[in-house]
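Heads up, the next two complexes both have subunit A, just with different partners, subunit B and then subunit C.
== the complex of A and B ==
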């Protein structure tokens, strides 16, 4: 039982962490929390199942296409729902515009694909009796994806010039613009990267979570919890928070039942935020007057 | 300078019986249609109408949360779920084995909604927009999960039957009138609140939170009341819904319903009652009359939401607001009438003093204020000048309670003034204006000024909700004193114009009018002359001087040296958070360091 709690918990936690990173990448570039994070995760699974199961595509090609779709959706999100409202005096319009866009995609998926959970194919042809098959790939794939993403982002941010430009925008977008950084293009790039990460979370997690439109709301919420608790914009917080959330949820699932796990997560989320609105690791906000 | 005596009649509110009817005619038509709809004897239309009424009972309450207070409570469908299951389970005797009378069960549903409305709403007091939206969403998901899992009470996935209400609202047209009456009641209650000082305070919290605080509006208390009411209305709507559906399962309460409520309000327009009511009716009825659209209805709602947000954030109400598209007079002049001040301000016999001693405030390593002593006395204008970043506004923010200094004392007549409580300053009659005018753009100038007098109302929230006499007296008095304050600063001709149509200089005078509504013992002005013409500055100076002569202590943060030296009784010069000099204008003008550091030769 302990093994299954840990393996399942870490795997689900890795998916939450990836969705949390998706939120963060978009937030860093635009100070916007986008409801499209969960949608990307949902679509990663649905498109994967559609390409491989329904259309009979090869898994590698399907993977590439899903990532491309994620990037395109990220770009559309930026152009359609974020850029038009960034300049608005109304601070919260992005909440509504991104929610509307995510709902539209979800509805198209429901009507054109399926409203019920669909199976997701086994991606790697691994013999379950070989040493590679000791832990099911549906558990280690999301964890691997999470590790690759973190290492990739870290390399991007620390080692490349464009990565430093991302950091500059995240730190102070006015100053970055004054330095001549192409803020709009960097923001688009960030949204495309976020799209890929979100789709990656869905694609690698779908053997476990299935291809299901209902995942959108679940991932939106459970992906946001680690961001809120770990401090917005902090990928380290998102990963630690995501894994902890996954483990806690699975343990509670086994020990006291799923429904109490949900209630407990929600209660912890609310209480922590009420006590520390900036998150457990975040810093307090600035002046208002 | 041209003739200044003639008042400019830019816009006038409709007066008389006809004018009153003009505002209400849409409601009368809606009411008559609802009242006589049963004559059609069409059950199908009847059911659609009942659903629209039920949704409106919820949406009317949600409208106060979303449209007025600006809180993005997306998952409000959870209140419908809670109310429906509470009513149905109690009426069916699933709790404790006793079958509750349906009407009692409905009241219990409302109470359940009220309790959870507050619980779900509480995070709004501390959390940012998106966080709050997320918590309401998360709550809605969890309520559905609990409904699925808690089989004893909810019947799980199989569901539970909803109650039939006995006489006089038995199923059929009796129940129709029940829904109709409750929808009308919901409209009346929320319209009363919307038009009261509580409604204006909510909008002020939404659009100008710091100004609301400075006017003494305590956000937590007000929001909790609103969440309580909106939750209760959602719960009652749920109880009615369970009866209309006759059988409820968790599937009946989809997130799409939340979106429908939400979009109905946004289509209608924020801060309006009629608009959201029409929006809700249209959205409820539309899919019924366009059968092929049913499958796509949620998609269309979402698309509509996107279009509204991107194209008409103001909703239908804005589009219909033809009065505010009439052009305003081009060359307007602000002519304050300081002689009217004695009718607004209390005559103050005893003198009072705000004293700062040794105040120090650091932001990280930056010493914004570094040991400042300052005294503001009633009846005097105290100028605070200094280069940018010398701590002038920060000092003002400490006095008005936005910042807690690291050291030092702040006393009013010898007693400590509490820090960290900006909304409590109004009670001490300490008013202020802001460097950037803080206004409710969509409200009229008069309403903006009325916000300043919020704490002087005596009617309770319940009295406002039920439109009782004390509330009417409050409104009358507030309106009169706001009109007087506007006349005093010279803006009475613009009283009924939307505030966001005003010029910058007019907004500065409007802020002063709003501050005067407090009958301030102390008035803190943050660069009131910035952006004003020379003539306007002269008039502003005369007005400020006159205010101080009525016994009000004025602290004037300014860059215009002429204005400072013209009207100030005493001047303090700041540099790098420290006092560089203090004294009469004449002393300051000849102070060598001040001249070299700030004024220039």
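== the complex of A and C ==
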């Protein structure tokens, strides 16, 4: 039981964490909560299955193409649904614009691909009897993707000039623009990175979650929980929140089961937010009065 | 010459008698086609059933018209794709009943659309034939012109319960579903039926179909002593996970349930082909192989499909047969009762043991559910050949 809770819990938690990071990367660059994160995750699995199963591509080429598709969709999200809203006074319209775009992509996927869950291939030909096959790759692939992503983002933000520019935009976009930083291009780059991370979550998690348009709503929802738990904009918080959510969800599956597992997850979520509204790793926002 | 009152009355009587008995109707009415409304879901999420049924319906109507139609009148199938959307079905009903003035409606073919459309068809007093399983769709008081050419959900559940308790002789079952309306309603209906047969429901739950790991649920079922798992869901992902988890656990327990267990989508999601062993789904005796052979009527139908080059290997034989039966049943009704709605109802109320390919249909004025319990069976899902399955082990041929 413990092995199952840990393996499934960490794997699903890593997917949630990656979707949480996708939310955060977009939020940091634009102060917009783009509800396209689940759509990117769903497409990561669907496009992967399409390229490998239907079109017969090898896994490496399919992976590269899926990541490229994620980046392009990130850019399109920024141009079509975020940029026009940022210009308007009523900035909360982003809820509608990003959600509408995500639903549109989901409907197109349903029409052009399939409404039923489709199998996702085993990516790495590992002998299940070898020591590498002790833990199924469907469990460790999302965890590996999560580790690579968080380390990559830390290096980008801390060790590179462009990463610091991202942080400057996230901290104060007006001041950053006054300093001559190209805010629009940096925001576009952030959305492209978010697109890649979202697609990575879907691609690496699809052996477990299958290639299915219904994953969009689930990932949008469960991916948001670690953001709220960990604090908006905090990637480390999202990782801790995502893994904790996955483990708790799987433990609840074992202990209470059925639909009560979901109830247990959201009960804990609400309690945490009541006790710490700013999230576990977030700082309480100060407001000048 | 003065005309007497008596002569006028006599002349009127003769004229009336001549009108009533003799003048031929205009030729145009004799030759114009019989309009039939047809509401399949050919696109959208629930369209796989409609696409399969449509092949049989089109073939039947084509054949009837090719052979001269009904007393010289062709059948004109006015088809409206509901796109798996109840709103579209409702709009199509208004068009078919009020503008096209159809003599009868075949469909909607999916329960979701039928639930929305049936009251409207009943309001417009148009006879209706449909193959949907939801029990509430037939009610002789509310919908006196609606007839079902398929089993009800209750019959489908009873078929699975009969197989577990009376054929496999198992007494402890785990009954589960996803959290959809269909799934929860099925479990709530079938569990009391199962208990009434003397079985013990040792585990009962509604499970989130999106949950990627069903091992906790399966362990609980195993610990409770379940001898059979009965899942009620149309979600291929959910059903395949049940099969995969059972296989990974090495648990040799039969899975008995809904037709989707035997669908190609479920098969595609299996981790190993052998995980489909000992899985039995609902099916229908007239279109199942017994000892490697189809019943004569079904075999003749398969030969006809092959001769007409109708593809059915990618769908299910019972869907195509159902569509064929719908077309042939309407032709039979028009031939014997004409196209007036009261005459159609009077004739359909007396249909007894009508020999369809899909099933043997009997209706009475009090009962418009026409499918016999004895023809609802279970089949071996891993035996699919030419769109049909073997009867599950234990049934007599």
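Convention: the second predicted complex is superposed on the first by the 280 of 289 C-alpha atoms of A that agree within 3 Å, B and C clash if a C-alpha of one lies under 4 Å from a C-alpha of the other, contacts with A are read in each partner's own complex, and residues count from 1 in each chain.
By our rule, a contact is a pair of C-beta atoms (placed from the backbone, for glycine too) under 8 Å apart; a residue touches a chain by one contact, two chains touch by 3 or more.
In this text, all values refer to a predicted model and were calculated from it rather than measured experimentally.
The superposed arrangement places subunit B and subunit C in clashing positions on subunit A. Applying the stated contact rule after C-alpha superposition, one finds that A:99 touches subunit B and leaves subunit C untouched.
Legend: residue contacts after superposition of the two complexes on their common chain; A:4 is shown touching subunit C, with no touch to subunit B. Looking at the shared chain after the overlay, A:129 reaches neither subunit B nor subunit C.
Legend: residue contacts after superposition of the two complexes on their common chain; A:277 is shown touching subunit B, with no touch to subunit C.
Shared-chain residue A:12: touches subunit C; no touch with subunit B. Of the two partners subunit B and subunit C, more residues of subunit A are touched by B.
When the two structures are aligned on the shared chain, A:259 is found in touch with subunit B and with subunit C. Applying the stated touch rule to the two superposed structures, the overlap between the subunit B and subunit C interfaces on subunit A comprises residues 218, 257-259, 262. Those residues of subunit A that touch subunit C in the shared complex are 1, 4, 8, 12, 110, 115-119, 208-210, 212, 214-215, 218, 250, 253-254, 257-259, 261-262.
Residues of subunit C touching subunit A in their complex: 45, 179, 205-208, 210-213, 215-217, 219-220, 235-237, 240, 265, 268-269.
Partner subunit B is touched in their complex by these residues of subunit A: 33, 80-81, 84-85, 88, 90-93, 95-97, 99-101, 103-104, 107-108, 111, 217-218, 220-221, 224, 228, 257-259, 262-263, 266, 269-270, 273-274, 277, 288-289.
Residues of subunit B touching subunit A in their complex: 70, 72, 74, 122-123, 126-131, 133-135, 137-139, 141-142, 145-146, 148-150, 209-210, 255, 259, 266, 295-296, 298-299, 301-303, 305-306, 309-310, 313, 393, 397, 402, 434.
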